[in-house]
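Below are two complexes that have subunit A in common, paired first with subunit B and then with subunit C.
And now, the complex of A and B:
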């Protein structure tokens, strides 16, 4: 049996990679991928604790998260397409017209 | 059963209709809506007379017509009708004078080719409506509302010729000065509601009745920690503020002479039946309350006596006929206040009635003279009008004799009774009343003098100008009201010939006393005499001798004044004798510098005070509000700069925020 801290460390590492990606990358597609990483880090925790307590609720939740992520990607891709159409680029630092 | 009393509201509503008609359709009607006004006031007069007749044999009437604010565990605010002998008498007087003034206006306004007649008749209608409603009000709040409406109408009518310089300013002055008094009245109304939980005039739930019980310890009222007696005096004096303003008593009398800028029929209406009469009527209406407070009564009496004297002296030197009449009005209302304060409820009411007749007569007579003189009011330009306008002369003379208090004209009886009541109650142990009596007596002399100075200068001697030599004629619509009022000024005294009753021992001819006893319990003249704090005493020789001496003294003084005027001014070519007065002349011409002193008060006391209040308002109150808004504006303009539009920045801020939150929660939760 793998001790719990390994799962937690894995989830934290994946989440941090996601955050790093969001903070450093300029490409909107990579943004989206990083967000997926953060979501899945949460999923790892959910699934692990579900198994740990012998309760399926957590796994059910992770299914919900997957569905949500799919929807999010659909919208995100849509936004990125519009972004490209308007700015001829998917660089998020270029699209700064919505400011004070 | 539908009795005549069910139609009582119509007495007031008819002039309201004429107001609406004149307002909405007056321009398109013949004579500018005058006929509607005449018809309406004639209807009011007939209804008032019918009401009075049925009251003579029946019970007084009181009904609540409309509750306009339903109180939840508090007082209801209502409109109601109270028809008792006092209000019925006043209704007749007001509607009669209003009717005659409407008729007279045909001659004074229509025949003289005035413009804006619709506005004029609308004003008259509203004025009559307000005063009639005020008279029949059954509670103090309703009375206050119509009291204010009367003030508004006087403003509108005094300022009728608003394109000239004087009238708008006079109208504003009348409005502001009376409003100053009304301010105290309003506080008084609130105080009465707070104290008694009711403002009804009549019945066992009325405030005079509760006040009387409270003084006997039979009822408890909220007196804010004062002794009931002290508190009732304070409340009474607050209400008296409104009375002093409206009835032009010292020191708020200054608006009245200026109000002569209005059309003369309006002056007649204001002085005889509405507006100025409203103040005195209010005191009479709630006399049961004032009778409980010796201090308030003494102040009323003293203010009245003082006003009577001061105003009479000012009337002595005036050049314009209407100015003389204005000061005589102030002086005569002083007598009424003196009578009320001295415990002569019937006497004061009697004087209110006779004065309404003879003062309306004198003003309409003056109006007739002014028409004849082509709107020149200066008496020094008149003279010799006696032969040229006999109807005006003889009616005016009747009014003057009544005003001066010459036997047997109406004014003699009422003024004599006022002075007699003051005298016996003063002798009964009130030295202050004796002082007021002395001032009242002295004023009789001046009244006789200025009245006949006016008559002689206007009608006697040789004409002093071309206009006076060939005056403009007047028509029936001027003469008819004069004749009606002239008759009344001669005979109205018979309703209350108390001196005759006492001297000759004929019982039962004090009709007014009996009439005013026929009211609700607690509102009768008899009841007032019981609660009054005065004792009576007589001069040596008993009651009969006191009556005779009092009457003889006041008649003698009036005749002396008239004789002096006769000596000085009943000559073919009268000259001004005012120079003989020396320094007093300037003082009198300037009305004792009352205007100057009030302007000084306004400019050097009120103005700096209001400027300081304005500073406080603009600086501190508004300053705080503006400060709050500018702080948020400034911080907003700084903080908005984090909205860079770069998604990365937002993500960074989110992450930093989350981290900061985790650190804080960790620190507080003791994770480390």
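And now, the complex of A and C:
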């Protein structure tokens, strides 16, 4: 079995790529993708430690996380659609007013 | 307007925070000690056990907690998300409500044609829907 350190390192790398995307990018769609990367980094840990400890709780929980990610994307795409309609752009730095 | 191209005018200095976070995480991970691995039994049916765990049934060959409440909560959350997405995607103007179901271009073309030409002049969308859509 691969030592847990390598899986944790992989998860940390995926999570940090997501953080990097959130911090540096301005496109709302890439924001959404970056948040998905961060969520899936948690899933890597859940699935690995489920196998490590011989308990399927982690794998079951990761399924729920995937469902939650789907719900998040549904709302996120809707918000991006409204953003595009109102500001003619999906640049998150353009939307600086609550009313327009 | 944002196009599918890599932005070159962004500041990468904020991204250094992510790099620093990775270094801290890597240091913590390699310093940590995880006990001996247990793993699943060789004859365990993991998929079956996950299915049982979702419905609080204690029939699986691998131990797990019950997730029935979480299962129902996620079902409600997905339903609310679907309704929310539809609410957000719905156009606020009432006069072009009939066109909303036909067009999925983000709204730009619709706004231009309705404002400039009127609803009757918007024939391109109708053709496109007739060509490819099963309405």
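One rule holds for everything that comes next: the second predicted complex is superposed on the first by the 97 of 100 C-alpha atoms of A that agree within 3 Å, B and C clash if a C-alpha of one lies under 4 Å from a C-alpha of the other, contacts with A are read in each partner's own complex, and residues count from 1 in each chain.
Here, a contact is a pair of C-beta atoms (placed from the backbone, for glycine too) under 8 Å apart; a residue touches a chain by one contact, two chains touch by 3 or more.
Because the structure is predicted, anything quoted here is derived from the model rather than measured.
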Once the shared chain is lined up, is A:23 touching subunit B (first), subunit C (second), both, or neither of them?
-> both
Which partner, subunit B or subunit C, touches the larger number of subunit A residues?
-> C
Quick one: classify A:63 as touching subunit B (first), subunit C (second), both or neither.
-> second
Between subunit B (first) and subunit C (second), which does A:77 come into contact with in this model arrangement: first, second, both, or neither?
-> second
A:36 contacts which: subunit B (first), subunit C (second), both, neither?
-> neither
Applying the touch criterion given at the start, work out whether A:93 contacts subunit B, subunit C, both or neither, answering first, second, both or neither.
-> first
Please identify the positions on subunit A that touch both subunit B and subunit C, taking each partner from its own complex.
-> 19, 23, 26
Complex contact set, residues of subunit B against subunit A = 640-641, 643-648, 651-652, 655
Residue numbers on subunit C that touch subunit A, as the complex places them | 1-2, 7, 10-12, 14-15, 17-19, 21-22, 25-26, 29-30, 32, 34, 37-41, 46, 49-50, 53-54, 60, 62-65, 67, 70-71, 74, 77-78, 80-82, 84-89, 106-108, 111
Mind listing the subunit A positions that touch subunit C in their complex?
-> 1, 4-5, 8-9, 12-13, 15-17, 19-20, 23-27, 51-57, 59-61, 63-64, 67-68, 70-72, 74-75, 77-79, 81-82, 84-85, 88-91
Subunit B-facing residues of subunit A, complex | 19, 22-23, 26, 31, 92-93, 95-100
